[in-house]
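Heads up, there are several structures right after this.
Two complexes, one shared chain (chain A), two partners (chain B, chain C).
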Partner chain A sequence: MSFLLKRTLGAGKNLGRAVLNSNQYTGIQRVATKTDVATPQVETRPTVAKLDPLQKSQLIDFGKYIAECMPKYVQKVQITAGNELEVLIPPEGVIPILQFLKDHHSAQFASLVDIGGMDVPNRPYRFEVIYNLLSLRYNARIRVKTYTDELTPVDSACEVFKAANWYEREIWDMFGVFFANHPDLRRILTDYGFEGHPFRKDFPLSGYVELRYDDEQKRVVVEPLELAQEFRRFELSAPWEQFPNFRGNPVSEEVVNQSGDQPKKE
Partner chain B sequence: MIWFKKYLPIFRYTSHVRDFKTCVLLNAKRWAPDVDFMKQFEGVAIYPTEEIEKYFKVIYSSIVRPVERKLQNMWINFGPQHPAAHGVLRLILELDGETVVRADPHIGYLHRATEKLMEHKHYTQNLPFVDRFDYVSTLANEQGFAIAVETLLNIEVPPRAKAIRVLCSELSRIANHLLNISGTILDAGGITPFFWMCEEREKIYELHERLCGARVHCAYVRPGGVSQDIPIGFLDDVHEFCMKLGERCDETEDIATENRLYYARTAGIGAVKAHEAIYHGFSGPMLRCTGVKWDLRIALPYDGYDLYDFDVPVGTMGDSYDRHLLRLIELRQSLRIINQVIDTMPAGEIRTDDSKISLPLRAEMKTSMEALIHHFKLCTEGYIVPPGATYTAVECPKGELGFYMVADGTSKPYRVGIRSCSYNHLAGLSFMGKGLMLADISILIATIDIVFGDIDR
Partner chain C sequence: MGLLKKTTGLVGMAVAPNPHHTLGSLYGKILRTLQKMPESSVYRKYTEQIVKERAAVLKQTKDTYEIETKINCGQAEELIIQAENELNLARKMLIWKPWEPLVAKPPKTQWDWPPTKA
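== the complex of A and B ==
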């Protein structure tokens, strides 16, 4: 009796899952993970990205090498998004690490591609400064990430890469991260008399002020914001789990963790 | 003396004769300067004061002594509204005569805070923002965004979608180089090629319109593939366009490339050395003109670029003339790629099979309940991207367009950082512009290939 019930109930359960999922028989199929370091398996499914295991293993080796060469500053080395190497350092280590990566013979990351900023207000050091480097010689990319808060300055990378000049001006303008020893740190993208740092998460999307031309004063005046419609916040979170296939996928895989703690990725 | 006056009456009839005074002068009543009078003119008449120093002085001796003067260089404003500024560029130039001593670009006149806006919209809604970065080559930007999101989603698009994306990207490259080459010639003084090449760009816009409905800002290349399949007969028209484009470029080359005047205007202007270019973060044609063989389509191939056979030109001198030639050759190589794409276009679907990411077909949506549910959820909430961070770059026609994208497990990105090539190139203007004359600055701005949607975002 119970055997029959289980069969019918079990059949119904399978049927429901097969209709809602695009991948049928999820229980049987191997879950896609990005963590196949020990046994690099070649991905065969057509809809999943194919990453080069050789490139990944080379990046892992290089990450370990950097951690060995600069143990004072390298706090963590990780691989994100399948095959991108990230080195996490404290803000004191910006100039030594960037100089090392630029000048060391087996690194030669001569091109600074991008310096980006990110604001995570929950953290005590809320701002993250991300340096993306490119090695033309070895055809590789690397990312160096540091942290800071509103008041602590970070050393400017201008003496290492001239390309850092405008990027650091932009981060100062948008986030308020001060770069020490920068030759010319002033605003670059915002208006000349603008107050505030727009890309911080606590700065509202519509800003605080609006500008208009005043006919009586014959100039552009700055006034507090008046919106015709209030800001609509769409709550777009779904109640059910979205990516069962990626449940086992880590956000980032650790290669080297010297600080020992486990910071949570946002 | 008048003792003879009693004898005077005999002289009565000579009264018209003047008296002869032998001892008194004729005009004894008139005053004449005497010694006392002359004494008051001895000595200094006037002491020079400050006001007098400003008077014009006649130089009586032939010795002219040089005057010490303090001069200051002139600062001019190559303002935000200027026909040669290629957008809204405010360039503060310090000029010594006609030579530029210092160039300081002020940007931000087109800043739209795209990176902040993108944090508030889901990924499909963010796609039209990306079109508006490099607005002369829109489909190439979309391709970069799509590849970045696909890296985070860990998916792969079908081969037909990749081929269509390559086709769109190369059409954008042609459009961009057409504009830039003719724009530079326009700044140098030759007005006609601009009209010819804008006519060709008009044809590309018509092709875009047939493809996706919009001429410029297409929103066509999406994460997961492309939004619609190419219409019937589209590839024939692309082929016809490409067959004729080579001759159009020849016409422009006849005017400009062999021209002494154009060579004199562009040779040696803005010469960059290879290590300087890498040090300043250049990419794309600005880097290749210095001799560095670096092209992301070959070095880190994406979207099936390794299936096509094409050359990447590399310059030698690093000056504006090299860039002109380089862009012309790149244009012809793009034609080569498009021909190969047309020949080898694979059949198949144009979107990933994953129904959690790509929209269902319209017919399916109207008949199947699950497809309707998926359509609803994808259109309102968008697809959820698993948490992760990536930096993905593509070879835009102007250089390297990179997206540093951080996803947090919702359908909206947590942070999208956009790395555009024109930003670095314009920053390089401050070192490339030193020593150039004012007329060369406008040529330099043209050959750097900047567009302000890219710079200001």
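== the complex of A and C ==
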């Protein structure tokens, strides 16, 4: 009897400790005991994105190649942390650079993936136009960035890439960047009588007008905005610096800088 | 005569009847266009290198399959398209003259990221 009790009770205690120590259940994590705090283990597993130094070195070489072939138009070449090569050019160089990247034997970026715009109101040339290209032959991507302001036109990329047609219409509609020699530059996403360029930073979230159906006039009328509640702004970013350990790390590494001026050193 | 190629396998791309001859003439045209550029231009130097390398392969063999495997950049019809593209590019480069020094420097803060100190 007592033997039986001892078996059940004593066995239970030992069994529990054996389970924790033997680690046959890999899901269970051992809570740190006093013994293993003294030896911190260096993390060797890669983070979410695997580092690819070969791809990075190939991209850096190609960036230098572009800068050497077309020094008239390449202001800067940089590479970001995720192995993304960016070529920064003035608006005069859009057609030559895109044509070079599409046609040259060692480039062959025949696929225009996207044309995006960006608005930074503080800059003298506030809008950036960003062309993303893909080379199917060499499985490589590249980004070409230009700048312009509200009134200066940029050459349309439609003669180089037919796909640029609707993308440039979208940038015209959303930002107001005019593309010279575009076959058909008109609005594409906004409503037919819409005034304004919604993606600009000074365009409010709710817009300036509201539409409603008016029963007396028997049509949709456009009236200035009337919100029931005033716009509340929530400050979502914390007041403290989020990554103090990465203060000195720049977003992108310069490969070639022909524009000459150094970035601000703080 | 050798094996006749029935299809390229790619939609819309017809089999070229005599790729060796076509490629030879295209490479010749590219090299003649490149001669008009200044000697110092890097574009001319590297493009000449690529085209001469491929033309040398053409001299070695007339067999289409051997040309494709030695150049190792896709099928003969694709090589013809690449050569035509390079010819167009070289002719446009003569007008644009990209070997000259930088035409427009960016404004001081243009390419800074993040744009403000925050």
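Everything below uses one rule, namely that the second predicted complex is superposed on the first by the 210 of 266 C-alpha atoms of A that agree within 3 Å, B and C clash if a C-alpha of one lies under 4 Å from a C-alpha of the other, contacts with A are read in each partner's own complex, and residues count from 1 in each chain.
Going forward, contacts are C-beta pairs under 8 Å (C-beta built on N, C-alpha and C of every residue); 3 or more make two chains touch, one makes a residue touch a chain.
All figures in this text were calculated on a predicted structure; none of them were measured in a lab.
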| item | value |
| --- | --- |
| Touching partner for A:64 - first (chain B), second (chain C), both, neither | neither |
| Touched partner set for A:252, first chain B, second chain C, both or neither | both |
| First (chain B), second (chain C), both or neither touched by A:124 | second |
| Partner chain in contact with A:108 - chain B first, chain C second, else both or neither | second |
| Dominant contact partner of chain A by residue count, chain C or chain B | B |
| First, second, both or neither for A:90, with chain B first and chain C second | second |
| Overlap of the chain B and chain C footprints on chain A, listed as residue numbers | 251-252, 266 |
| Residues of chain C that touch chain A when the two form their complex | 42-43, 46-47, 50-51, 73-74, 82, 85-86, 88-89, 92-93, 96-117 |
| Of chain A, residues touching chain C in the complex | 65, 68-76, 88, 90, 92-93, 96, 99-100, 102-106, 108, 120, 122-125, 137, 147, 251-252, 258-261, 263-264, 266 |
| Chain B partner contacts - residues on chain A that touch it in the complex | 19-20, 22, 32, 34, 46-50, 80-82, 84, 86, 110-114, 116-119, 130, 132, 136, 139, 141, 143, 161-163, 165-166, 187-191, 198-199, 205, 236-238, 242-243, 246, 249, 251-252, 265-266 |
| Chain A-facing residues of chain B, complex | 107-108, 111, 113, 115-117, 120, 122, 150-152, 154-156, 158, 278-281, 283, 292, 294, 299-300, 352-356, 370, 377, 380-382, 384, 386-391, 393, 400, 402, 404, 406, 408, 410-412, 414-415, 417, 419, 423-424, 427, 456 |
